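First the structure, which I've put down as structure tokens, then a few questions once you've had a look.
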Amino acid sequence: MDQKSTEVDLGYARIDVDRAARTGDAEVVYGAGKTPAQIVGAMRALSQAHPDRPVLATRLSPEARELCRRELPGAAVDDVGRTATLGPSAPRTGCVAVVCAGTADLPVLRECATTVNVFGAHTDEIVDVGVAGLHRLLAQRDRIAASDVIVAVAGMEAALPSVLGGLTGLPLIAVPTSIGYGWHMDGLTAWLATLNTCAPGVLTVNVDNGFGAGVAAARIARRSLSSLRSLGAEPDA
Amino acid sequence: MDQKSTEVDLGYARIDVDRAARTGDAEVVYGAGKTPAQIVGAMRALSQAHPDRPVLATRLSPEARELCRRELPGAAVDDVGRTATLGPSAPRTGCVAVVCAGTADLPVLRECATTVNVFGAHTDEIVDVGVAGLHRLLAQRDRIAASDVIVAVAGMEAALPSVLGGLTGLPLIAVPTSIGYGWHMDGLTAWLATLNTCAPGVLTVNVDNGFGAGVAAARIARRSLSSLRSLGAEPDA
Amino acid sequence: MDQKSTEVDLGYARIDVDRAARTGDAEVVYGAGKTPAQIVGAMRALSQAHPDRPVLATRLSPEARELCRRELPGAAVDDVGRTATLGPSAPRTGCVAVVCAGTADLPVLRECATTVNVFGAHTDEIVDVGVAGLHRLLAQRDRIAASDVIVAVAGMEAALPSVLGGLTGLPLIAVPTSIGYGWHMDGLTAWLATLNTCAPGVLTVNVDNGFGAGVAAARIARRSLSSLRSLGAEPDA
Amino acid sequence: MDQKSTEVDLGYARIDVDRAARTGDAEVVYGAGKTPAQIVGAMRALSQAHPDRPVLATRLSPEARELCRRELPGAAVDDVGRTATLGPSAPRTGCVAVVCAGTADLPVLRECATTVNVFGAHTDEIVDVGVAGLHRLLAQRDRIAASDVIVAVAGMEAALPSVLGGLTGLPLIAVPTSIGYGWHMDGLTAWLATLNTCAPGVLTVNVDNGFGAGVAAARIARRSLSSLRSLGAEPDA
Amino acid sequence: MDQKSTEVDLGYARIDVDRAARTGDAEVVYGAGKTPAQIVGAMRALSQAHPDRPVLATRLSPEARELCRRELPGAAVDDVGRTATLGPSAPRTGCVAVVCAGTADLPVLRECATTVNVFGAHTDEIVDVGVAGLHRLLAQRDRIAASDVIVAVAGMEAALPSVLGGLTGLPLIAVPTSIGYGWHMDGLTAWLATLNTCAPGVLTVNVDNGFGAGVAAARIARRSLSSLRSLGAEPDA
Amino acid sequence: MDQKSTEVDLGYARIDVDRAARTGDAEVVYGAGKTPAQIVGAMRALSQAHPDRPVLATRLSPEARELCRRELPGAAVDDVGRTATLGPSAPRTGCVAVVCAGTADLPVLRECATTVNVFGAHTDEIVDVGVAGLHRLLAQRDRIAASDVIVAVAGMEAALPSVLGGLTGLPLIAVPTSIGYGWHMDGLTAWLATLNTCAPGVLTVNVDNGFGAGVAAARIARRSLSSLRSLGAEPDA
Amino acid sequence: MDQKSTEVDLGYARIDVDRAARTGDAEVVYGAGKTPAQIVGAMRALSQAHPDRPVLATRLSPEARELCRRELPGAAVDDVGRTATLGPSAPRTGCVAVVCAGTADLPVLRECATTVNVFGAHTDEIVDVGVAGLHRLLAQRDRIAASDVIVAVAGMEAALPSVLGGLTGLPLIAVPTSIGYGWHMDGLTAWLATLNTCAPGVLTVNVDNGFGAGVAAARIARRSLSSLRSLGAEPDA
Amino acid sequence: MDQKSTEVDLGYARIDVDRAARTGDAEVVYGAGKTPAQIVGAMRALSQAHPDRPVLATRLSPEARELCRRELPGAAVDDVGRTATLGPSAPRTGCVAVVCAGTADLPVLRECATTVNVFGAHTDEIVDVGVAGLHRLLAQRDRIAASDVIVAVAGMEAALPSVLGGLTGLPLIAVPTSIGYGWHMDGLTAWLATLNTCAPGVLTVNVDNGFGAGVAAARIARRSLSSLRSLGAEPDA
């Protein structure tokens, strides 16, 4: 196949339809700053080029989600995580525990979980386990330990990754969020906290970047030894 | 008594020897930026003006501590907390639990505890209760709950105040410290974390300001109802 | 009682109705980012679970306050402090002086004062005592000294806590506010000032965090020795 | 076994000798801020408590490395990475490609590689593949693709992780370093770059934190499917 | 000619119509913060004062572009680059390659390219050559090398100038953009990256400043030796 | 006189000996970053060019002050303010009150006061009037009001200018200093405070810039109406 | 006169009607954050309390200016400077040159000039003298030198105060503005520039604070020796 | 020629001896962080590989310059610019005016000028033309206008590039320096100023980066039309 044929020209963008072959990942439309029509057009083009693979769109406005529902009948649209998915489900191996403290972090958690699924791994979503209520967190300890990799979504002072990091030796990705009550410098507080955690080996991504954490977590989970085990299980919420 | 007589002129500084009468506190010599001789001179002048009250000096260099030992025979000098205390002990009522995660935070914890004692309250020092080892922290829960006010000294991501704040309804003061492994902007990380804690009602002071936290904690403890109880107890380390 | 029964599931959030038992505090609904319906629903659920205790909602939009007035007949709604309170008054002991420089700081002062009352202490609100008009501040000196703890709400350069800290030895909490005329970095100026005050023992909370200061002040006041005295007094505005 | 027996008291610190059992990791002595004698003492105590496991010490000063050489005969000391390792090698499965642009980043790369080995995975170190000399980087493409996880150590503008992220779908950890020629704010430039990479799924740690990246990479590699394959290979430099 | 006659007074501004004589450049109306009527008025005045030279207006709102179309019949209006040009084309010598990674950077690229043309040089616009798809960039290498100066427009982590700087010895101007997915501090990330590039000799301008880069690039290109050659070529898109 | 003759060439610098004629000010040697020999050489050259005017050198190291004492017999050297003055006194008119809170601010106050004198105005130095001891400040109120302009030198939270600004309508210059106990960002706290003061009309200079404030204050004082009065008075310390 | 009678209670604020007696200044209503009705009410109350003095209101919204025009017949309303003035003109002595580079800085210049007039000094407004067109600035040199004090209003890189400071020895106040084309951090660039000027003795105020500069400049000008001269002149625009 | 033969392996570094062939530039050894012996070794290796081309070393410590003098007999060592040059002079075409305000900026100016010469262009160094002494700058106007490109080195508020940009239409590169008297954030002030200049088309490099500016300026000058003219002239200092 020659170089040219890996791209689809939509007029407003050339889409690289062969990226998955190079990296093993799904194709993604980043919705922020695009019109609903551009998003739907890009999703359709990518889906037609690769009918055997899912297409994910993220950061969709209410208008974009509405148009996806109307124009892309088979699409799964998530209003909390602001995503749409088109095409067949990806086969899933390995499991990612996606954990957060409260309802304010749910949009980031959902964006992450959907990304994990589209990129080929199972998810186990665990909400309401903030460090100011330790009994709830400790009650979920075994469930978390059963996964291949943990994504801890945390705003405010972002203490959750540190506490989780002391309870487990699993790969652990922290997603700082821009959630807070006062002067937190748009998430800088949570970001600095995740980078300065006293628990060794915690990895991090940009503020509110549930998508990036999901891509990385899926890559780790689907090549995990324990993923052999998890092929039968379906913990996804 | 006229205005003039409340001050002692040492040549390099006029010392206000009547501050305690206005605020109820001890007199303090802030040692940073002063020569050992200036520190010793200031302590002696304050002690002579008020032989019935203790004098505290903080942030002492090794040389200043050495001179205090040599020139002020009755002084109690603490090499960890970098303090010296001269004169009679203050009567103590109420108890402050001073808590930290590890040995790196000890200098700030010791500065705080000595300040609490000099300003008239008991202390209970609890070290090595970091959030990455929750079992240690939970094991000290009852001991912490027995105090009138908690001072939580914490560096790095400073998750300790948040976890403590979920375990108790006592007044809680967080002291962020400049301890960290990587890029933490000289304690800004810990500082922001203590101000953005998800546990309501946590108070904070400046980075590494064990003295300030100690003054505030003593003021709270010594006017506490439970201080009636604590007059007999002596938990100070 | 088992673990489960301490939570109420509202669909969009699980509410911890037993927090007060652990910490001695009231239950609070943080209104920012929630719909009016969610706020009213959460207040009603908490009030039904604990009909003997007040429920506080903060940071309410005009729409949320309107719905509280319509749907929660017994609720006390404060348009300045942007709060609503439901249920019986908490018994009050001890007194908090809540002080600010001018009308621009009133919303934060009111949020703080209502929180103090709901968390079980009296309040004495003192407005218009900025440092650029010292005679006003000095005229209120005795009134301030009669409280158990002071909350000083201050924007701009936030000099008020420093001046108060030199006039009294009471526990003193500074609330920096985001009020200012020019480039003040959203309250960073006031925040830095309160943390660098030359008066020892000043405690601080996040910018505009009247709620957090109120929780802390009430905890200090209600366990204060002098609270024995204040049971008869009613200085609340 | 009771709680107490998992700690060794050295006078200046209580060492938690059972951490590995909880997390599956080795024990580590963080050398910065400790005296050479304290470091040697801590390494010896941990090694005696667990003679079957390696002990790693990081951020060692020249004096500390000298004392390790003299007092701990079996220790492997690395002057570039500033580490010392004591005890038997850990069994290794899976392989981490540790990549950097130039000699200035070597200390961080070596700290990372040694950590990976001690935490149980093989390493393949690839130096001098900066983006300003693309031909060198492209020449190593197959070698990098043969690993289970990549650690990209990069200072200045830190473009390396982005370029690598476009060439592979492997898990990829970026370590920003404080290396630079001009005003780079102590590594903030590299740090921001790694968090804003245009390649999806890049994870990051704090500036210069080769240790943290090594812990995370080893955890991912040693539970990787392809680690079955790598048991025979020995690419470590 | 006296001093006065070089200015045109429009009531709301005195316009310096002789600037070009001093610097050799065209006249420019910076549209941000001006009303559509003010912009059209200023363009007309400048064009009448110098009917032999083009007038450029930048940062035009949709309303301003609409009015330009209606009121200035001969004007060329660009909705992507948000510019309008009035009057005869400037003679062009030398060629500027204007390069960017993706569609999000197109507005800045177009503003830059139009500025280059108005200030007297040819342009060759090359889009979609981001570093995460190296094969695209390498495919355009010869085309880029055929110019006199390169302008690299790059957002996010802005790795493009570094990679280009390693492939060529041409004068190279980086334009960091405020394009990004997460916490990038309004373009600070890209800005810092362009200033810390590992490729020597990269010049930079302010974030999103396509105009400034265009002015500088045209000045370099039109006095370039190779501009003798380029007089016949017309690579402008 | 031709252009050339206004400069003296010392080899390492051309000195502009005619600046005073243009601005009415004295000549100044900024000592930071210069060797003692360079400083002495520059002072001598300026003094010989204008034997009727004083020469001021600022920010002198101990070594530079020592050399000034040895090589410039008539020089007045101030070890607190780190200045040296050579040549005849300037005639003085008008009076500047230079005020600070404590001994830590003395070096900046002295640099300012000496500058005021050299630039032709009287000074009245008032030390130890911090806002945490209001009675001291109020006791000096009349003395401050008797000057033509006030310079308020203040570190930490820098509340002094605000309080002074409420007590007087005189021109008021604040000099923030880098004095502080904790995290104050090298004087940013004081700087922001002086710029956000609630007292209208407060002017400010850079952190620790006693020299700049002195130049400005002298310019204001010596052209003041009341300077007619002050010609006989000599309040300088 | 007793304390009470110096204040007027409007319900939403107590207004200090005796401030002018203490500081010699006019009374001012800061309009930002107040409703049009509150502003008009405050102006009227202050004017009635002191019918012999002008009242100034600043930072007025279009709606507030409209209401001032309708409700306060004698008020002078300035739509550029966003101010309203009520009552008799203040007597003026001394003259302030208010200078800026371009039309973008006009609102700040007008706010400043009106404040100067209300606070009792003449003004000479000089616009369009930016440093990128030196000939314009040099042409106004004598006019500037004829004033008692200069206010230089400057945005972007704020080079104007430095250039002016080299041309004159008059008191000079810089007002940095938030005007800029690219990434200038809301005026931080201009602010830092004015504080780091190479011309000695430049004073500064907060970003865009034309009011503060005007108060200070008037205080300097009206007590200036040359104000004797200026009583006859009327340079105000 | 195969890939390998373009590199020389020195044990501690592989040196790319063929970079010049790719980019047309000289080879450079960045001296910061290297030992004197490593620097001398690298210079010798590069010089032997390309005896027909100069080798430049920058940021040399006094010790490194001493060793260069001793070990590399033909080397030209500059103590002000901290550079050493080895091998034959590069042929020079075109001319760069390198301009600065004062002696404090000389090290950066000299580093830049030497780099320009080594990279193949003439230089004209013009010192002491700060904006606070406009007459000096205007006196050099014709000399500056005779060059092909200007490098303006400027610290403090960095107003020089703006003033120069208004006087000329030549390509103009600003080098902000970390020179300043007070709080300037290590050159951030100058950096922001150069990026926010009101003169269009000013390019910039990192703080103190005389080398980078020199590389860029030489690339522009040596391909300049006027370089045909300048082959005979020798303005280099």
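We just call them A, B, C, D, E, F, G and H in the order they show up, numbering each chain from 1.
Here is the rule we use: a contact is a pair of C-beta atoms (placed from the backbone, for glycine too) under 8 Å apart; a residue touches a chain by one contact, two chains touch by 3 or more.
What you see is a predicted model, and the numbers here were worked out from it, not measured in a lab.
Q: Among the remaining chains, which ones contact both chain C and chain G?
A: F
Q: More than half of A-B's contact pairs recur, by residue number, in one of B-C, F-G or C-F. Which one?
A: Selected pair, repeating A-B: C-F.
Q: Can you tell me which chain lies farthest from chain E, using the average of the Cα atoms as each chain's centre?
A: So the chain farthest away from chain E turns out to be B.
Q: Can you compute the centre-to-centre distance for chain A and chain D, using the mean CA position of each chain? Integer Å is fine.
A: Taking the average C-alpha coordinate of chain A and of chain D, the gap between them is 27 Å.
Q: Rounded to the nearest whole Å, what is the centre-to-centre distance of chain B and chain H, using the mean of the C-alpha atoms as each centre?
A: 54
Q: Take the average of all CA coordinates in chain F, do the same for chain H, and state the distance between these two points in whole angstrom.
A: A distance of 38 Å separates the two centres.
Q: Starting from the mean Cα coordinates of chain B and chain E, work out the distance between those two points in Å.
A: So the centroids are 60 Å from each other.
Q: Which residues of chain C are in contact with two or more other chains?
A: Residues 133, 167, 181-184, 188, 191, 195-196, 205-206, 212 of chain C touch two or more partner chains.
Q: List the residues on chain C that touch chain F in their complex, please.
A: Residue positions touching the partner: 101, 130-134, 138, 156-159, 162-163, 165-167, 180-185, 188-190, 192-199.
Q: Once bound in the complex, which stretches of chain G touch chain F?
A: Residues 22-25, 28, 148-149, 167-173, 195-196, 200-206, 211-213, 215-216, 219-220, 223-228.
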